[in-house]
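I'd like to ask some things about the structure below.
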Amino acid sequence: MIPSIDLVLLSLVVVLAIVAITVRDLLSAIMLLSAYSFLMAMVWVEMHSVDVAFTEAAVGAGASTAFLIAALSRTVRWEKK
Amino acid sequence: MLEWLIEEIFAKYNYWISITIMLIGFYAMIAKGNLIKKLIGLSIFQTAIFLFFISLADIGPTLRGTAPIVSEAMIHKGYVYVNPLPHVLILTAIVVSVATLAVALALVIRMYEEYGTIEEEEIIEKERELGV
Amino acid sequence: MNTGKSETEEGKKRSGDVIVETVSRLMVPFIQLFALYVIMHGSSGPGGGFQGGVIFGASFVLLVIAFGIVNAGNRFPEAVNTALFSTGVYIYAGVGLLCIICSLGAAQYLNYGFLSLPVHFEERRALGMDFIEIGVGITVMAVIAEIFFNLAWKKEEDEKEGGKE
Amino acid sequence: MIVESIRPLLAILCPAIGSILIILFSKRPNIRESWTMLASIAQFLIIFSMISTIIEGNIIKCTFFTAFPGVDFGFRIDAFGLIFAITSTFLWILVSSYSIGYMRSLHEHAQTRYYFCFAWAIFGAVGVALSGNLLTMFIFYEILTVSTYPLVAHDQTPEALFAGRKYLAYLLSSGCFFLAAVVLTYHFAGTTDFMNGGISTLAEASRGALMALFALFLLGFMKAAWMPFHSWLPTAMAAPTPVSALLHAVAVVKAGVFGIVRVVCYIYGVDLMHGLGLGLALACLATFTIIVANLFALAQDNLKRRLAYSTINQLSLIIFGVALLSPAGIEGAMMHIPFHGFMKITLFMCAGAIMVVTGKKNISEMAGIGKKMPVTMITFTIGALGMCALPPTAGYVTHHFFVHGCEEAGGTMSFFPYILLIAAILDVMYFFPIIYTAFFEKSEEGGGSKIKDAPLFMLVPIAITATCSIIFFFYPDLFHISELVETAVQSLGGVHP
Amino acid sequence: MILSVVEQFPVLVVVISLLSAFTILIAGWLNKKSCWFLSFSTILVQLVMSVFILNHVLTIGTIHYWLGGWAPPWGIEYVVDALNAYVLVILLSLALICVTYSKRSIAHELPHKIVPFYTVYQLLVTGLCGVVVTGDIFNMYVFVEIFSLSAYALIASRGKIALKASFTYLVLGSIGACFFLLGIGFLYSVTGTLNMHDLSVLLPPLYGNKVVLAAFGFFTVGLSIKMALFPLHTWLPDAHSFAPSEISAMLSGIIIEVSTYAFIRVCFSVYTVNFIKLLPIFDFLCWIAALGIIIGSVLAIAQYNLKRMLAYSSVSQMGYIMLAVGLSTSTHHALWGGLTPALMHILNHALMKGCLFLVAGAFIYKAELWNITDFKGLGRKMPYTCAAFTLAAISMIGVPPSVGFVSKLYIILASLEAGKFIFVAVMLLSTLLNLVYFWRVIEMMYMRREEREKESHSHPPANKNEIPLSMLIPVLTLASLCIIFGILWLTEIPIPILDQVNALFGLGRYAAP
């Protein structure tokens, strides 16, 4: 792996994780989670685990997001504080 | 001191980041009242564990590791493969995580139909009104 | 499974964005082809039944998003779906059991080497694995689609057990 | 000599099978009750058939399986156990007959449950009598506790339910202590078998541990109703009278006392008891209970409650006899178990008869009742005489032994006969007023001096027990009791000082 | 290597169950009634297989099954020894009893969900069997998740308030599973293997390693959540009380027990006795368990909802099992040494709690009776059900010769041998607490009169209103087993099985001096 790219990606991942759990708009949170998953997949490609990266991209960034949005479409979009 | 920092933190940064993300996810699961937020936390938590596993498989920057795909040319060039087993484990774990998410979302939707809210506190309040 | 003629029948209920519809109609066959590639290539490269299945399932999700849930739901009735993912499991478990049966109980479950196929031992392994991947792929595809339909649409039916390999 | 036999098993099975038949014939009272009678008679005959073997100095054994190394689950019948078994089974026959009269006259509800539980209670009591080690005894002891609960709470009034709860709370917690004691005994001695003269390996444990263990045993035998853990017994008088009669004069409370005697003579052994100085402590506890219970009895107006306190007093008398650790004392104690059973059951059955006929429960209401129910009150008088240890009743015989036992024990013990005397005087003070009221006071209702005694189902058992109480005075060997007692005391060996 | 037929059974138990789950799903489209029959017959076949497995293990020896023919450190291995075989038989027996019971009660309670119910039920059984037979720790994780997911779905199937309970269980259960996964990762990072036997060979030189210690911590906490050990039990009361009753019975009788099995496996098969003896973990566990026993019972006293009360009682009973596990390394007697009391109580608790929950379900089925205060006069209306309840409750209290008594006796003897007298007191105290909350119910059923009865002292012939036979037979079977097994344990007939487990792990009398 290449530490510099890794570090950048990973710090982005951390930032995305924090933002994803803080925003009150759940739709944004889900999209952020999707981005988070996608970045994670990139980290993994970079760590040579192509298989997992592949799956994470399909499942984490794809299917999970779709599920979450589907669920959101039948509940409420905003988190109450 | 600096040496220690380099050895314990910078050299193993992906482990530290994995722990950070884990804690973020854990915090969301425990502290957030919104059920969807809890699930987002769960996802983050699980991904952090996956990151941990993948980091285990990785053989570090010093060796020229490569993806564990069989090819004659690669072997002749003397590449070292990263350990494929954790990858396989994580594949299975991802399956589990998406299944968990699906069941949980189904529950959330049913709860919304039942209580009209996805905030934990409000649900508890409504339960109390129902007299349970 | 065919994506083409939805707008003629129940055109009113679809989402209505021409660009989205057209693009997804164009994309879906490629996605599905790719998914098939991923499934069949699983024994010798990245990917496999699960990933391919997810991608295949995702293509349906895309359809649903583009054309509206009712249309897609009608094209893909629950009974078919159930049958599909059961079939997948049957293929998976059946191949495993065949290994036992073909070897008359001498070999273990999923020991593909004992499948009575007219090829070499190693090739039998690869072929057996492909069968398994196909089974897994079908199951996962159907399960992903089913879960999405249930989450997004169905009111009365309760949750289905999630994807399991 | 040890004789292997399945007779104990047969004896214990009688009530068990009887209970099943009772349930099966719950819709047909006559058949149901004849099963009770049949089971009780069969059981008594089987028990009785063992006497000859035992008197010859044999021990009957019947082992089923080994629960732990050194602990067999099984029966071991010696003379002492047989005394208790004979008493319980014989009185069960009489009380069954009495119950039929009582329950039918009062049109009680849930009679099937009543007979069913009664059978199981006897199952437990006889099991306690026949068991060959502490673990087996514990098992039957707990069965006895649980099966008598529905009998105590039979009326299902709030009062009866409270009594039932209190009963269970006391007896099952005591069961916990008993279990702890059993396990500790096993821990220290490696066995829990009853042995003549005590378990020799037990003496190896430390002094403090043995003291603590004995305290656990005493707590475990709360069924003996020693003070200050007696209060379940008067409360349990909420039960129907046959229950009070058999269970709280014979089966349950005697199981407690029986246990204490077993522990003193067959687990610790007299020598060890002497060595630890526990005899005196136990005697003090017993005399304390005797005096205080008598004082309490004086204050009671409810006849059954007064009898309950009298029971507490008499039970402690048995404990006292054992605590003397002298042959005569132990002989007296063992003999008092059946004798007191016969006398007290007479009294309780009389109280029940009075309740059935007149509906009166309190002594102050009983003026002139002696004229109305002469047979009942005469038998009551006999029982009361026995309680006060006056001749010509069985009570006098045992008190004779107790006094003699005190002399034998010597030392501090020779002081105790005076306490017994005080106790007897107190007994007189609360029994004679009842007799006086019944025979010599005029009924306030006036007029009704017509004789209208209890039904025959009830009267016959009362008459039999009262007669027995007198016969015991002249001929203590009725049912071979004195022979059995002698055999038991002789087999203890090291008792003679 | 030629495999005998029985040696194929470990994998067949899992595969048949999985196939059956999906067959049920398809069959459900054709005929709803076939679902029950399919599920019942599958579990029956599985049970027969498991009995053969047990017999094989006891007579011939441990079964090693290499899935796909791959040798252990690389492939997944199914290992069935005395411990698995024993747990497998218990698990399938209770599953069979619950499925028999469910025929009428599910048709009554969830008429629209018969097909998914049996599908998911069968998946639950698959997961449980999988956890039990596998010898690969990661595979165990996967199966743990499968049965947990099925359990979440089954609990939620009642809808309404059960949804919340299920969701809480899901969140906590996932945390537990993640911890378990993390533990696996830690172990993998130092040993590079996932096979349990392989791990136990490779780990000993690393026992001082902090990673290994941390992994043990993660395993303990993760599995403690799954098995509802005292401070981590918070999901249990809701989940157990709102689930359909046969699922409550499974949850309480089997699911938390299988998690306990997983814990025992990890402690003694992955780590070994030598590791456990290095650390005071098990002493600590004993104290936690003792606290759980007392607090669980006290909380149970405070409940008026029968199923909730039983749920808290489960917390206390898990304390019994964990106390016995905690004592297992310090006892060496042939009978109560080692894991014997713990494994004994696993069976006993399954019998007792299974029966009690099924009875609670019967009351709900007949008259929607949830609260103890509504049980007045039930003893006459439902005599057999109430008799079963009484037997099981008496067993819980520990009146001899029931199973509860034997467990209590063995645990007391074990704690005496370990020299921990305080636990004797705890056990005895818990007996009294159990008495308080169970006797309340018995008294209510038999001794309290109904209001309308009170007025007329006469007693009209009770109109019996008993549950249907297909529900009654399971209940009565369990109740009678409570007594039969009590006597069997006392006669020591089943002890050799548990003795083999001790021999396997070097516990009890096989412990190294």
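Each chain gets a letter, A, B, C, D and E, in the order it is written, and its residues are counted from 1.
The rule is short, and it goes like this: a contact is a pair of C-beta atoms (placed from the backbone, for glycine too) under 8 Å apart; a residue touches a chain by one contact, two chains touch by 3 or more.
None of these values were measured; they are calculated from a predicted model.
Common neighbours of chain A and chain C, listed by label, are B.
Steps from chain B to chain C, minimised over paths through touching chains, total 1.
The set of chains touching chain D and also touching chain E is empty.
Ranked by separation of Cα centres from chain A, the top chain is D. Ranked by distance of CA centroids from chain C, the top chain is D.
When chain pairs are compared by contacting C-beta pairs, A-B ranks highest.
Distance from the chain A centre to the chain E centre is 38 Å, each centre being the mean of its Cα atoms. Look at where the CA atoms of chain B average out and do the same for chain D: the two points lie 71 Å apart.
Between chain A and chain B, the centres computed from C-alpha atoms are 10 Å apart. With each centre defined as the average position of its C-alpha atoms, the distance from chain C to chain D rounds to 79 Å.
For chain B, the set of residues touching two or more other chains reads 67, 69, 86, 91-92, 95, 98-103, 105-110.
Multi-chain contact residues, meaning those touching two or more other chains, occur in chain A at positions 50-51, 55, 59, 63, 67, 70-71, 74. Looking at chain C, residues 46, 48, 50, 147, 151, 158-162, 164 sit in touch with two or more other chains. If you check each pair of chains against the touch rule, the ones that pass are A-B, A-C, B-C, B-E, C-E, D-E. Within the complex formed with chain C, the residues of chain A that make contact are 50-51, 54-55, 58-59, 62-63, 66-67, 70-71, 73-74. Those residues of chain E whose C-beta lies close enough to touch chain D in the complex are 334-335, 394, 397, 399-401, 405, 408-409, 412-413, 416-417, 424-425, 428-429, 431-432, 435, 439, 443, 446-449, 457, 459, 490-492. Residue ranges on chain E touching chain B, taken from their complex, read 138, 141-142, 145, 149, 152-153, 156, 159-161, 163-164, 166-167, 170-171, 174-175, 177-178, 181-182, 184-185, 188-189, 192, 194.
Those residues of chain A that touch chain B in the complex are listed here as 1-3, 6-7, 10-11, 13-14, 17-18, 20-21, 26, 29-30, 33, 36-37, 40, 43-44, 47-52, 55-56, 59-60, 63-64, 67-68, 70-72, 74-76, 79-80.
Of all the residues in chain C, the ones that touch chain B in their complex are 44-46, 48, 50, 147, 150-151, 155, 158-165.
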